[in-house]
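Chain IDs A, B, C, D, E and F follow the sequence of writing; residue 1 opens each chain.
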Amino acid sequence: MDFLYDFLMRLLTQFQSPTLGFLIGGMLLAAMGSKLAIPDAIYKFIVFVLLMKIGIKGGMEIRDANLAEMLLPAFFAMVIGVVIVLIGIFVFSLLPSIKKEDGYATAGLFGAVSASTFAAVMVVMEEESIPYEAWVPALYPFMDIPALVLAIVLANIYLKKQKEGNETKVDVWGIVKDSLQGSALSALLLGLALGLLTMPDRVFDSFYEPLFRGFLSILMLIMGMEAYSRINELRRVAHWYAVYAFFSPIAHGLLAFGLGYIAHHTVGFSPGGVILLSVMAASSSDISGPPTLRSGIPSANPSAYIGASTSVGTPVAIAICIPLFIVLAQAVF
Amino acid sequence: MTLHVAEKVVIITEKIIAKGVCNIIESCGATGYTLFAAGGKGSRNNRSTAQRSSVVDDFANVQIEIIVNNYSMAEEIMEKVRQTYFKNYSGITYLEDIKILRPEKF
Amino acid sequence: MDFLYDFLMRLLTQFQSPTLGFLIGGMLLAAMGSKLAIPDAIYKFIVFVLLMKIGIKGGMEIRDANLAEMLLPAFFAMVIGVVIVLIGIFVFSLLPSIKKEDGYATAGLFGAVSASTFAAVMVVMEEESIPYEAWVPALYPFMDIPALVLAIVLANIYLKKQKEGNETKVDVWGIVKDSLQGSALSALLLGLALGLLTMPDRVFDSFYEPLFRGFLSILMLIMGMEAYSRINELRRVAHWYAVYAFFSPIAHGLLAFGLGYIAHHTVGFSPGGVILLSVMAASSSDISGPPTLRSGIPSANPSAYIGASTSVGTPVAIAICIPLFIVLAQAVF
Amino acid sequence: MTLHVAEKVVIITEKIIAKGVCNIIESCGATGYTLFAAGGKGSRNNRSTAQRSSVVDDFANVQIEIIVNNYSMAEEIMEKVRQTYFKNYSGITYLEDIKILRPEKF
Amino acid sequence: MTLHVAEKVVIITEKIIAKGVCNIIESCGATGYTLFAAGGKGSRNNRSTAQRSSVVDDFANVQIEIIVNNYSMAEEIMEKVRQTYFKNYSGITYLEDIKILRPEKF
Amino acid sequence: MDFLYDFLMRLLTQFQSPTLGFLIGGMLLAAMGSKLAIPDAIYKFIVFVLLMKIGIKGGMEIRDANLAEMLLPAFFAMVIGVVIVLIGIFVFSLLPSIKKEDGYATAGLFGAVSASTFAAVMVVMEEESIPYEAWVPALYPFMDIPALVLAIVLANIYLKKQKEGNETKVDVWGIVKDSLQGSALSALLLGLALGLLTMPDRVFDSFYEPLFRGFLSILMLIMGMEAYSRINELRRVAHWYAVYAFFSPIAHGLLAFGLGYIAHHTVGFSPGGVILLSVMAASSSDISGPPTLRSGIPSANPSAYIGASTSVGTPVAIAICIPLFIVLAQAVF
């Protein structure tokens, strides 16, 4: 009861948080046909700065961290990415009127991680002063890459079987490389390396840190406009995508919360870390995943998986899952 | 000024496969090509011009023009691009007659 | 005498203000054929951030404001927008070699409000610590929209009469919608809503507020370059546009000052509010007005109205009217 | 590879009316169109390419290309766009013969 | 609708000389021209589309199209541009037959 | 010995400086085929803000400066620009398989000044709190313009002689104008003028100053990516360009250091000023020089001179010359 009350209260507060406000604002603007548009160059720059900020910060703090602690959470992050994809494929195989490869691609996108949702939860953690291990941002690729690779590999095995029924070979390293070369992971890893190897404190304090909140607010606005404008595409595909996109983030987050709970009791993974792991799992990739999937599973229909992730998955992850897992952590730990 | 008849192959397709299309063009022996950012609407979808921030930018269109002074090379490029990509990616291709100055350049 | 002295002194100081310095700098760069150019994406982003800043701030403070106080000033703002347009049309009808619809369009643009001039006067108010009511930025649309709507409606009635002489119907709601959907008003209203409904204090303090001054300086540079490069267009149309654009901002501002004075004595409208109202009236729309007019009165020549507003109206509003109405308020109140 | 003769309608006009022009194109039954950002100089004015910050961006040019396999549809599009817009907005339109692969697509 | 045969001159060259090329075009008496940002690959070099930050931006390509209803003016433009620039700058030029509505406009 | 030790220590520290870290990070990203790209609009805006910051700061401080002190250093800056070009032309004339005009152009580019290197050394000076005269940034054009003009004039004289053997006339003023109109010098001079004539303290402190470090970090990233991607072009031309580009920055810096030393003892030019003068000399133009040379010496191959400057010259100037001349100044003064 208390938990439900807390969650609803927090949901209400969340609706007063500017992060969500900008997201909803973006949707409303798009719905009202506003001509306001954030230029593409600005969008790209904002994503770059956000990920650099997360990466540099992580890198600077990892220096004094005990990386052995990271082993189990990193392993769990991988497991979560993989399990989400397998569950997703299974679920879609049960649903009617779903093209096989569209199911694979959607499952892959929901196994991967959303840079925008991740930045949003980082701001909330800061606002609430919830502590977590410095290396948690480094878990991102451990969940993101296996999910994308697995979805693409399985889809290609399936497609090759369809065609020929004989031996199959998929270029796994090619897909990993493609992920790492994507702009989101590149920026995050560059930031980590710079934070670890150079002394970026002053440039971090004078630039990346102060701009973080503001740039996030604008990214939320863009995600809101994008969410709205993709809803039409989503409508044209089976409605099951919307249903999956609404419920699965919560389920994925709960799964991650469970594994995080185990890590908490075995290696002392912090409650803050568990929240972040859960939100990563709940999020679905919106920036770097789609192009990787588009080339990895070209016959899958992008309207299905991008629509599901951007129009439903990301809003649910930000509006519902962030408050949910914070309250859950407060109730449980 | 003597002008020589030549062909211009035009390909309009998704930006995400532009690199692959250019590789095909080069492998067919064309001496060059020109690329334009484009938006458009076809049988599959609406593609925005690269003006507003497109969260998934790689799905904008690109128009590629290739001048060849040799009809069979034009045919080869069109055919290969169509076979390699147009089942899974949106795209169209067509041909125009043009007149060039220096046939040895193409 | 004292007043004139004060005004000239302030004009001199104003010439030392970086705001005007950047405006003049932009004109000089353009005049000298410099290749320096601020990319379009940056320009759009700057305008967005400036208007969001004004909107959010207004929204945050409106919360505790007594909105009943706003009624009379809002009504006066509407009256001013309408009267400026009517006077403008009348004046142009007296001038020789003015195409009828060009006069309507120019009057409409001068009745509407300039986002850049408004941002510039906000900085001066802050620098001089002149207080004003929190809701004053919300007067913007009350002046802007009626002016544009009236100009377009009257022009279309005129044009239809020319053609057929029979019944006329103009889509007023379509024009209002078009104004509200424009990028400037969208950003301002979004900011107001976010300021009112969410708690954007931290993102405001860390991002929108600190960037305001710097972004304004760059916007002034852009307006200066634009002013110079449009002068050629203005030369090609009747010289009366330049004359109107030079004197009318002062007249419009005085009109607004008068009404503001009445509001001061009846409902206690603050002297700072009177200054802002006067500068709004003095300003002529440069960002959102032109596209609305272009589609509303397509047969009007954009070189006439945009040239008049951007090349003469905005520089006069910023360089002369801002100091003028501050000094006038100091003399009067 | 058999190619079929078709027509390409080209329209160069102000960006601000691009949406209206596209509506006309669709109402005439064309299967698609492609848009390019353009700058230019004509009888009315200089229009900058969208590089520098144009305070009034909507006055840049746009080029719209429409492929139709039917001459009368080409005519109809050109005629309607001209009548609807070219009195008040700058713009030109012309036609090119092209060769397409799959006439049923257009 | 009566259409009239006309010529379209197409010039693809480095952005840095776009202004000079436009001056030549105007001096030859053309009534207008249209410019497009382009990337490309030719005999000399790879030119990026203006997407990524090019530290030396002026080396991107531009495509300029000029419609003339007069063959000798087309020839003159092509010849002058070629002679003035194509020894030192990369660039190609070609001609297309088009059909226009109002020959007196060009 | 001590000197060498100091230099190596500082080189090591330099490798930990984020400035160099971002440069190397950019090279690595490009080498690994990352799709990360900073949009062109952002790049242009960053360069603008950096140069405005340097200019405004210089302008504000020049107000109280004794400009007579500037005479000798300004003269030396000119001499350095000219001498570097003459030496460069001479050196290239001795090397095999160098096209004459390519040598002229490369010498011109290395005589001119790099805005990015200059911004980088300014940050180091600030970090190390090394003082220098306020007017030192104003030396930039005194070195930059004569170098470009001389290279272009000599190349054209050479080319005309080749063709006709008769009288030659080159439009010197045209080249100077072209330099001044370029975006880099325009921004620097605009900043100087605004700093000198207006009171930009508040906009400077709230915008240009805080963004400086962060924008520089991103510019370094871009320069690194550019350096890597131009190496291929450089490979296609004679290898002597790479050799020249590696050693000449050090030699040019030493030459400037010597002249700066004389100015120190005759007119009291500060050690910090000597460092800045040396780094200016060591740097090779990467932003504004190339377009000027491209139109000034059209027959020169841009792959040669841009490749040499961007891929080798700038990294050497930043990674080696900045620490070298700081240590040298500490050893000598």
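Just so we're on the same page, a residue touches a chain if its C-beta (ideal position, glycine included) is under 8 Å from a C-beta of that chain, and two chains touch if they have at least 3 such contacts.
Computed from a predicted model, the values in this text were never measured in an experiment.
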| item | value |
| --- | --- |
| Shortest walk length in steps over touching chains, subunit A through to subunit C | 1 |
| Chain whose Cα centroid lies at the greatest distance from that of subunit E | A |
| Chain of greatest Cα-centre distance to subunit C | B |
| Averaged-CA centre spacing for the pair subunit B and subunit A, given as whole angstrom | 35 |
| Between subunit C and subunit B, distance of the C-alpha-averaged centres to the nearest whole Å | 46 |
| Distance between the centres, which are taken as Cα means, of subunit F and subunit B, whole angstrom | 41 |
| Subunit B: positions in contact with at least two other chains | 36-37, 50-51, 96-97 |
| Multi-chain contact residues (two or more partners), subunit F | 37-42, 44, 210-211 |
| Pairs of chains satisfying the touch condition | A-B, A-C, A-F, B-D, B-E, C-D, C-F, D-E, E-F |
| Contact set on subunit B toward subunit E in their complex | 1, 3, 6, 8, 22, 26, 31-37, 50, 67, 96-101, 105 |
| Residues of subunit D touching subunit E in the complex | 10, 12, 36-43, 49, 51, 61, 63, 75, 78-79, 82, 92-97 |
| Interface residues, subunit C side, partner subunit D - complex | 37-40, 42-44, 222-223, 226, 233, 286-287, 290-291, 294-295, 298-299, 302-303, 306, 310 |
| List of subunit C residues in touch with subunit F within their complex | 15-18, 20-22, 25, 29, 32-42, 127, 210-211, 213-217, 221 |
| Touching residues on subunit A, where the partner in the complex is subunit F | 39-42, 44-45, 48, 177, 180-183, 186-187, 190, 193-194, 197-200, 202-203, 206-208, 210-211 |
